[in-house]
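Next come the structures, one after another.
There are two complexes below, and they share subunit A, which is joined by subunit B in the first and by subunit C in the second.
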Partner chain A sequence: MAELGIGIGWRHELDLSIARLPGVDWVEVVAENLHASHLPETLVALRSRGMPVLPHAVSLSLGSAEPLDTARVEHLAEITQALDAPLASDHVCFVRAGGLDSGHLMPLPRTREALDVLVANVRLAMSIIGTEFALENIAALLEWPDAELTEEQFLTELTERTGCRLIIDVANLYANARNIGTDPVAFLDGIPWERLAYVHMAGGIERDGVYHDTHAHPVLPEVLDLLAELRRRTDPPGVLLERDDDYPPDSELEAELAALRAAVTP
Partner chain B sequence: MSDPWGISGPDFLWLYGGLIVVVWLVVRPVLTLSARRAAGRGGQYPGGTPTVYQLAYLAGGPDRAIDTAIAALVERGELRVSSARTVTATGAMPVDPLERAVGDAANRPQGRTTAKIHSMVRSSPALRSLASELEQRGLIASQAGVRTARTVGALLQLGVLVVGIARLANGVSQDRAVGFLVLLLIPALVLATRAWTARKRTPEWAPTAAGKALLNDVRQAQLSAGHAASPYGPLLVGAASLVAIGGLAMYPDHELSAALMPMDTRAYGGGGSSGGSSCSSGSSSSCSGGSSCGGGSSCGGGGGCGG
Partner chain C sequence: MSLASQQAALLRALLADGPPPSGFSPERLRIEADVLRRKHSRLIAYLRPDLEESLGDRFYPLFAEFTAASPKTSDVRAREYADSFATWLISRGDLPRPRRRLFRR
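Take a look at the complex of A and B:
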């Protein structure tokens, strides 16, 4: 494995734990939670140890038909610069429509028209951010009708037309397979792996026949199997564990990180 | 006309003033002190090796016992410390009742500060039973004994007040000057009232002579290089024993120690001479928030935190 290695989503609640966890090569931070002028001391300490800290945005709403909120992009650019990060990212989704904020990452209709809108927004965002930029596949609980492209085709064309890279969230891929019946193997076969920035892994739970990507439970063995399936196609530059709630003891986080490392180590 | 009770007015004022002061400053303290010393006379401590929480309580009272439970849980990964100066439970269910009480107090998503955990656990049954174990072993003064001594002292102080009032009534009935006596009755009334209301307050923990001897032995064993061989060897392992004897400042990870110590060290009894506490006390004005105090150079952040 090259470049990043195994990482974990940096959260305020975990800051002293992360500094002490063995097997953390890098961290990802939610850009919206930070201010470039006063970054948390514990995060700065990780940077000064030489650990990569990559910003990840959740609010750019790059799939929105309405004009891009460039103030949000500029904030992401500031954070990226403050962290001296080589790469920033957001999701293939929209969070705002008609002036309303959904509070969720909403899936895009996979049409040519929606792709054109996304491509235009991503190009504008990339011109502001000035570093490499990556977009992540999301988990959808519903699909828009009349899709003209498969998800892997949609993502492939997005990278070709914008030069962006991809974050593949394996738990989201698993969620889509469980909840809306997408074929994860076809997805993995169709992804342009040379554009892969890194991989997201997270835990979830199945309730009433629906898989919930909670980020508050352990990573399922099925999701680890999918990561191994991905590994057969590419050696991912980085794998990141996302845990956002119900934080377990450090020993459990350490074991999850070790399991990720084992899954991508030949 | 002869003097009432055979004592002249000025003589009575001197005697009465003296009586107030002696009961206040001599009799009552001696009563309380002797109640504290009543148990554990002779420097013998029966009952074998204490637990780390008994030791902590002996060394620093209820808050120290709570801090020691926090340290044990942090070291075992059952509590997580963040730079926001909170501790949060990580889902374990400790068996020890004190640890359980601390774990329950910290069991919410945003965690709790150590100061808040002190106030929540101080009156817990776990801590009360810890105190009574130590009392039964004669290592700390019996709280009931101290309360009895205080009640006796309060009754004496009330008695002094009653004598003064009787003299006043007698003086008034005989048309004597009572102005100075009334002035003396004011402090007599205040002291009696205060003694009476304070008698129920929870007594401070007070190690007996036996308790102090035990503490001394454990401290000696901790200082000596080969403490593994001492009878206290098993007790002196890990962060909990360091915190039990020296407070949270002695938690072996300085960054965690700094995050665990209450912000205001003035409100915190002793043990505050390490780097951790000097950082947290001096920083409240210069740092933008709790999180910024964990790093820097003085608190062992950056390269020093052993990642």
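Take a look at the complex of A and C:
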């Protein structure tokens, strides 16, 4: 995949800002919010300017130990094709089980059994999507008991067994270090960087002793420091800012994008 | 217990007032349940802004009560679920019954 550069998560509320913001090389869109037959005009305009638009799914539930909902994968495949995207993605998580829908990304147990389930679902999803596919590490508030693998081992084996790539969310790594005691340096040392698709960055806030990955606050300096730590190990093909709520003025977004660019520019 | 039933038990604990699965921190389960409910309530407010406008500060506690008793299942679309919350509010008298639409000539 070609170098992406600095990007931002495309949201309806940000579409006019994104069109005029300097320093946006590419965007990522939430696949579930789109229909292949009527893409938003502002997004089509970015595509016709030659800007890469990469779809990112949130609902495939690839870690569910229930049959994969292939209709959702087919929808992602359609969006990927409509955007002429070289890569699609989702998360290392589950969202549905026992007929319930969490509406949010839930962590998987880091066990061999859970890894086998994820690998089988990712292989099936990849066979339907037909482009490169990447999976992202999530922010977890809960930890399953009886882990058999570290998160970096789990992600490494996942890429080895499926050929998928990785989106490394540095804010999620920070959240997990704060909330469940992940060692961020061991994580960064254990990731197979040749499999890196791109990096996610986002803001959050601490409430009641827990760090919440809100995507509604500025990126913390500590998270920028972790991006610099990542940059010592690899030159990421892309870095993407996610902002999902409490949208700031363009000038603040521009400054955050510039800070990301500075952190990965030698 | 199989992975499928462990995952289902975790979601029941978080979304449907199910018993806390063993090995999880009860405090974290409470925090995660609150995060999920608040995120869900923002989606409902986005889909049915009229409900939050009418209820004001009562919107979130009422939604939390509704969703714990009848959590959203995978086969229900988000908008249908928002509408069923509205129906529940009306049935309890927390929202006025909608007036019949009058057609103008």
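Heads up, the rule we're going with is that the second predicted complex is superposed on the first by the 264 of 266 C-alpha atoms of A that agree within 3 Å, B and C clash if a C-alpha of one lies under 4 Å from a C-alpha of the other, contacts with A are read in each partner's own complex, and residues count from 1 in each chain.
Quick note on the criterion: a contact is a pair of C-beta atoms (placed from the backbone, for glycine too) under 8 Å apart; a residue touches a chain by one contact, two chains touch by 3 or more.
Quantities reported herein were computed from a predicted structural model and do not represent experimental measurements.
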For the overlay on subunit A, clash or fit between subunit B and subunit C? fit
Does subunit B (first) or subunit C (second) touch A:S64, or do both, or does neither? second
Quick one: is A:G50 in contact with subunit B, with subunit C, with both, or with neither? Answer first, second, both or neither. neither
I'd like to know which partner A:H38 touches here: subunit B for first, subunit C for second, both or neither. first
Determine, under the contact definition given at the top, whether A:L21 touches first (subunit B), second (subunit C), both, or neither. first
Let me test your reading of the model: by the given contact rule, A:G103 touches which partner, first (subunit B), second (subunit C), both or neither? second
Quick one: is A:P266 in contact with subunit B, with subunit C, with both, or with neither? Answer first, second, both or neither. neither
Look at A:G181 in the shared chain and tell me whether it touches subunit B only, subunit C only, both, or neither; answer first, second, both or neither. neither
Between subunit B and subunit C, whom does A:L142 touch in the aligned arrangement: first, second, both, or neither? second
Rounded to the nearest Å, state the minimum C-alpha distance from subunit B to subunit C in the superposed three-chain model. 8
Could you pull out which residues of subunit A sit against subunit B in one structure and against subunit C in the other? 245
Counting only contacts in the complex, subunit B reaches subunit A at residues 77-78, 80-84, 88, 90-92, 109, 111, 253, 255-256, 259, 288, 291-296, 301-303, 305-307
Quick one: in the complex, what on subunit C touches subunit A? 2-12, 14-16, 22-25, 28-29, 31-32, 35-36, 39-40, 42-43, 71-75
Contacts from subunit A onto subunit C in the complex sit at residues 64-66, 94, 96-104, 106, 109, 111, 113-114, 117, 141-146, 208, 210, 212, 245
Okay, in this complex, where on subunit A does subunit B touch? 12-17, 19-22, 24, 38, 40-42, 44-45, 48-49, 245-252
